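Labels A, B, C, D and E are assigned to the chains in the order they are written; within every chain, residues are numbered from 1.
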Amino acid sequence: MSIKENEEFRPKIVAFCCNWCSYAGADLAGSSRLGYPADVKIIRVPCSCRVNPMFILRAFEKGADGVIICGCHPGDCHYSTGNYYARRRMTLLFSLLDYVGVEKGRTRVEWVSAAEGVKFSATMNEFVEKIRSLGKNVRLEDLRCRN
Amino acid sequence: MQELISRIKALLADKTVDRVLGWKAGDMPYNPEPAYFETEEDLKDFVYDGFCGANLSKYMIEASKLEGKTLVCLKPCDTYSFNQLIKEHRVDREKAYIIGVGCKGKLDIDKIKAQGIKGIKSISGAEIDGAADTLKIDTMYGEKTCSYADAMLERCHVCKGKEHMIYDEIIGESKDTADGNRFDEVAKIEAMSPEEKFAFFQKELSKCIRCNACRNVCPACSCRKCVFDSNKFDSAQKANVVSFEEKMFHIIRAFHVAGRCTDCGECSRVCPQGIPLHLFNRKFIKDINAFYGDYQAGADVDAKAPLTNFTFDDIEPGERG
Amino acid sequence: METAAKQADLIREISGVNPYKCMKCGKCSASCPSYNEMDIKPHQFVSYVLHEDIESLVNSKSIWKCLSCFACVERCPRDVKPGKLIDAARQLVVRQKGQDFLLADEIPELLDPDIPQQLLVSAFRKYKR
Amino acid sequence: MKYSYYSGCTLRTKAKSLDVYARASAKALGFELEEIENWQCCGGVYPLGSDEIATKLSSVRALNEAKQKGQELVTMCSACHHVIKRVNDDMKNVDDIRTRANNYMQLDEPYAGETTVLHFLEVLRDRVGFDKIKEKVVNPLTGKKIGAYYGCLLLRPSNIMAFDNAENPTIMEDFIRALGAEPVIYPYRNECCGGHISLKEKERAASMCNEIVKSASGFGADMLITACPLCMYNLNKNSAGDLPVYYITELLAEALGVKEEVAK
Amino acid sequence: MQRIGVFVCHCGSNIAATVDVKKVVELIKLEPGVVHAEDYQYMCSEAGQEKIAVAIREKGLTGIVVCSCSPRMHEATFRKAAEKAGINPYMVEIANIREQCSWIHKDMEEATKKAVILARAAVAKVNLNAPLKPGESLVTKRALVIGGGIAGIQTALDIADAGYEVDIVEKTPSIGGRMSQLDKTFPTLDCSACILTPKMVDAAAHEKINIYTYSEVEKVSGFVGDFTVDIRKKARYVDMDKCTGCGVCQEKCPSKKAPSEFNRGLNKRSAIYTPFAQAIPNVPVIDADYCVKLKTGKCGLCEKVCQAGAIDYTQKDEIITQKYGAIVVATGFDVIKLDKYDEYAYSQSKDVITSLELERIMNAAGPTKGHLERLSDGKAPKNIVFIQCVGSRCSDNRGKSYCSKICCMYTAKHAMLIRDKYPDVNVTVFYIDVRTPGKNFDEFYRRAVEEYGVNYIKGQVGKVLPQPDGQLLVQGVDLIDNKQIKMEADMVVLAAAIEPESSVRKIATMLTASIDTNNFLTEAHPKLRPVESPTAGVFLSGVCQGPKDIPETVAQAGAAAVKVVGLLAKDKLLTNPCTAKPDELLCNGCSTCANVCPYGAISYEDKLINDHGIRETRRVASVNSALCQGCGACTVACPSGCMDLQGFSNRQIIAEVDAICR
């Protein structure tokens, strides 16, 4: 039984959370004891617009299986407009990743406010579930034909 | 071409311009290359024909730093790139004297060779003054012919139009060459299953040798120092540790020029491995048009670029496409 | 005891109701047109399921008295839908015990010439397997 | 305009008039009710259990047939409407039910709630329009004070039925106004008539129906209208019978001047 | 290479119960750069901070990682401690192993593993940290209060009394807010107007307070200490300087069909009106939707009768632009619409009313001049039923999930007042729970039951059925007696849920203050910073932050004022040093970064650059660090990576990514 447990796929998931809404939402999920799998590791950024596509690809390059970006709801950005830019950038980037054949579910953007601890936890549970169903990230890790 | 050369001579002579940026004949009949001409004497090598595909606008970044004006020959599609460079303050309009040269479609020697035409000695029918209907090719194995359209670069079949976006004067006639839909190729890939898409790009990108030709020729890729050459992201170019890096390079490169790429097609033209790199840029262009409304980089210097713009109701990432 | 827990689980599953959401306001019972006919009241169904006392529910006559008029479902402020619990308890009875509230012998004398088919069909569905 | 039409068992027998007046009125209003072939009984009550599939299949068949024809599905009887509308909602929104039902059905293309289910009244309100009906009325029912009796099934649960405001509906009142009569609003119009209990508990059904009739007449109604044969039966059979009860379609046919035609 | 010390906090058992802190210490020591690691019971305590100081001195640390609670909690504490011990405060990073680890995981092994990874990421980041120095910005010594109800008035008075200028912006023609609509207040039953009016007068008379009524905030820009706000002063059509407030215009106005907002639409008012007798300012406004002159050009009666010549039909909206150091939101509440609760027959019967409508009926200045009577027929009611929690505590999609908090108390008040004035009227209250936390609150409710004989029934009402004779049949349940109840009533009063005033969403967006799913403004910390918004310089007062009664509102208003005063008392503010910084050697001069900067902090200049010996004049970006707020939008817009964010640099984030994915 313990062997089977060890075999269970534990994905590596990087979550970029904006300091003002989503990181606070994650804190609220924590103080409300709303659990989600330990596979998720959060990186604090000032705003979702700080997330460079380079970071996302770097994570995949280094073996991440999923990357999620959380920011304030549109209209509620602490810096007024940051999440709008993030939204366009990520929309285009995700569309391109889909275009090159990377599974759609590996990347996600979710708007989580400081008051939405429940949503944060639910989102992370859902995302981990999705990544587990997709399995290990092989497509982004290695593109070149081997031989 | 004679009209063009004599006009250039006149402008050099009356000191309107100090130098000329054009194309010089190469060692083969089909490989002219970009060159500066400073004297009438230099101009004997000047050439402008169907093989002059190179986009000269990027050279104007350096030319803008030189004393005096530079005359630059820009094809219709090159003028979009020039405009985009103006928008980004990379070239100085005052330092440029733009002759908008006519275009009847640019030729791809590989397409001619692919038809089994080898041992090429000379080619006629590629002259800019010609009808651009048929190419007569004198080879070591006798004379061969080839339809002009069949020898054209992919980008000319989906030409944005033969109107110059910016110029001081226009010399020479153009001929409409568009006979395809710009986004057909992209749509074809979009319709593939994820596995097929992956296989397609894996096959293409595996050919990449990281020679940086695409980057060097791209008028949008004009950073003083590329992120892949600097230590800003710990991403300095080096021996590939993992093969992921090609993909990273091409995706990031496409992302960096998204909303700025005019779709001039130079990246694909110069790739020694024949990777259809324009398919990345065109995907972004297609998405931008679909998500945020039609946008052509370089058409309007004052328009807000799609990635520096937003609306409250923009679609959400992952929603479409 | 284990069977009681299983039964409660089954009811929760059939009905799709989460009894933990109930805040015990009683609006279901306040809305119920069959309230006075019921020995176990609509709001009590929720707590009976919560306490896993299913035995009482399946023996209750309330399950035959509910009209499925959905007033409790419509007005429940917590989206608990007690009417679905009552129906699930009824289902347990007709499924597991094969018990009928309507016997074939009874039917002829209940008929009258104006009865619409709809009535018979509905009654069969509600009273029998 | 053609609609797929699900009449249901009772409209072919005890409630024929509800059906024929509907067809005649439809014709007069310029639309056609095309009865779907081989319909099966809806079962009369919606199977509430989330694990019940077989009892939902007859509705799925009807819905799928309308989908094949590319038509909206019109129902008349409140019970049929309730069952079919809710099954359609399940097929659209409940993954488990959709998957299992489609496994049973083995259709060429799985059914996923694509059909729009309309009650006849919704056709009148949302497709024809009460204003247009008003124009077509030749015998306005002027002076009649009519209480609309909705019952429960048409309205509740409102998030799925999406028929009207479940606690303060207006569709039948607007319908009555369109026919030139005066609607009487009374609070029991959405209370239950007793439904299936009238088989075994006639007295209880009677007391419930009496409350309804008492309230309606208290507010000055001189007749009631309904869309449901069972409500009709209960109100007629199990109340003191103080108020006449009509099907909505009968009044409609009368106002449109096609009632006589049907009688012939 | 940095010399990094790692300090792992037990947080009592909050962390240590789920994370093996010793193991974290042991493993983190293996990381490059780490020269010291230890754990302690409470790192944030005096003794804990001392441990950091000692390690800095003894081990010559240059960087600190504290594995503890969220940085939103104690980052500032540890930075201060580090600074005191002699290293730059920005050399401190926090690994959040409480909120984002020990509190959400149950398995010790798993939580420990994650804690190590989080610590590793923080170490990787600190390795690349650089000392930063905050800049300074000036503080505009003036505050803006949005909303002129009791919350706004109290905040403004307290700020003004401390000697600072305050502007109140109120959307309606008068300050006073909801409290002015109330008849009496709990738990003392004193008259609402009697205690509110003096405060309104004080505010109007205060030399430091400037009131803009009939005005709305239109645009906000800037940041803490230096906001710029556009205020739209709507056309009043009455010259405020000339008007004497005599009221003749309102008497003579022929258009008297407008529903009175003040009386909740229960009666009508004239087109030119002051909302209520004690309105401040006592200057009417003309309602353009109802004024005959403004609509048709004919009439002009008010102009004719106005002896002061104050009527001005040509008045236009006016925009006032003003600078503020701090902004207080005090936008208050409204009751929810009841169109989703038709089972209570609110829309079918005039005798089913909301509690706020009852306030107006009970009030001497209300539609019935304070007589308790039915609005349908003017008869005195004999039986009144109150229904609690109408739209509150609902998790369906009809109502609000929260408790509106004030209803239990005001219903007890209403019940008592009615029984006191009309002892022959029977009062029944259907309740789910009676919630009376508050000083003298439960005693108050008990008096209603014990002294005033109010009939409290535990249970809800299912439906209210209007009867032909005008009576209301209330069908409810008594859960204690386990009986369904059908009782006749003459009047039914609904305790409708309260919700934030509808304009708050727009205001929150302008202020970039965050808002929750119910449209209540979010506080910076639910316990420790309840009157501050997460946006620096924006403060919260009253119900806009969450349901509360008058004493709580006044207390919060004062607290918000103190926070504002604390801010305005400073001449300069230290600015966040985590600002964008361009590398001039790499800058293309393309302006893309400037195009996405929300603060206009990026400008371009032609500058002589020495690029490895090549000297040339280049167009390069320069960031005004006083304006830059550090969002980082520019860093991603920049293709060359020239623009970077201090404290969250590209390399730091990449290092974190690498550490997590390792």
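Just so we're on the same page, contacts are C-beta pairs under 8 Å (C-beta built on N, C-alpha and C of every residue); 3 or more make two chains touch, one makes a residue touch a chain.
What you see is a predicted model, and the numbers here were worked out from it, not measured in a lab.
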Item to check | Shared interface partners, meaning chains that touch chain C and chain D | outcome: E
Checklist entry - Hey, which pair has more contacts between C-betas, A-B or C-E? => result A-B
Item to check | Reference chain C; chain at largest CA-centroid distance | outcome: B
Next on the checklist: Using only Cα atoms to place each chain's centre, name the chain farthest from chain A.
Outcome noted: D
Checklist entry - What whole-number Å value describes the gap between the mean CA coordinates of chain B and chain D? => result 67
Checklist outcome for this item: The distance between the C-alpha centres of chain A and chain B, rounded to whole Å, is 37
Next on the checklist: For chain C versus chain E, what separation do you get between their C-alpha means, in angstrom?
Outcome noted: 46
Next on the checklist: Taking the mean of the CA coordinates per chain, how far is chain D from chain E in Å?
Outcome noted: 48
Next on the checklist: Residues of chain A that contact two or more other chains, please.
Outcome noted: 52-54, 58, 75, 81, 85, 89
Checklist entry - What are the residues of chain D that contact at least two other chains? => result 166-167
Checklist entry - Of all the residues in chain B, which ones touch at least 2 other chains? => result 227, 233, 235, 307-308
Checklist entry - What are the touching chain pairs in this one? => result A-B, A-E, B-E, C-D, C-E, D-E
Checklist entry - Which part of chain C faces chain D closely enough to touch in the complex? => result 13-16, 33, 37, 65, 67-71, 73-74, 83-84, 87-88, 91, 101-102, 106, 110, 112, 114-123, 125-127
Checklist entry - Which residues of chain A touch chain B in their complex? => result 52-54, 57-58, 60-61, 74-75, 81, 84-85, 87-104, 107-109, 139-145
Checklist outcome for this item: So, in the complex, the side of chain D touching chain E is made of residues 159, 165-168, 185-188, 215, 218-220
Checklist entry - Considering the complex alone, what residue numbers of chain E touch chain D? => result 339, 341-343, 345, 347-348, 397, 463-469, 473
Checklist entry - Taking the complex as given, what residues does chain B use to touch chain E? => result 65, 88-90, 222-227, 230-235, 256-257, 304-305, 307-308
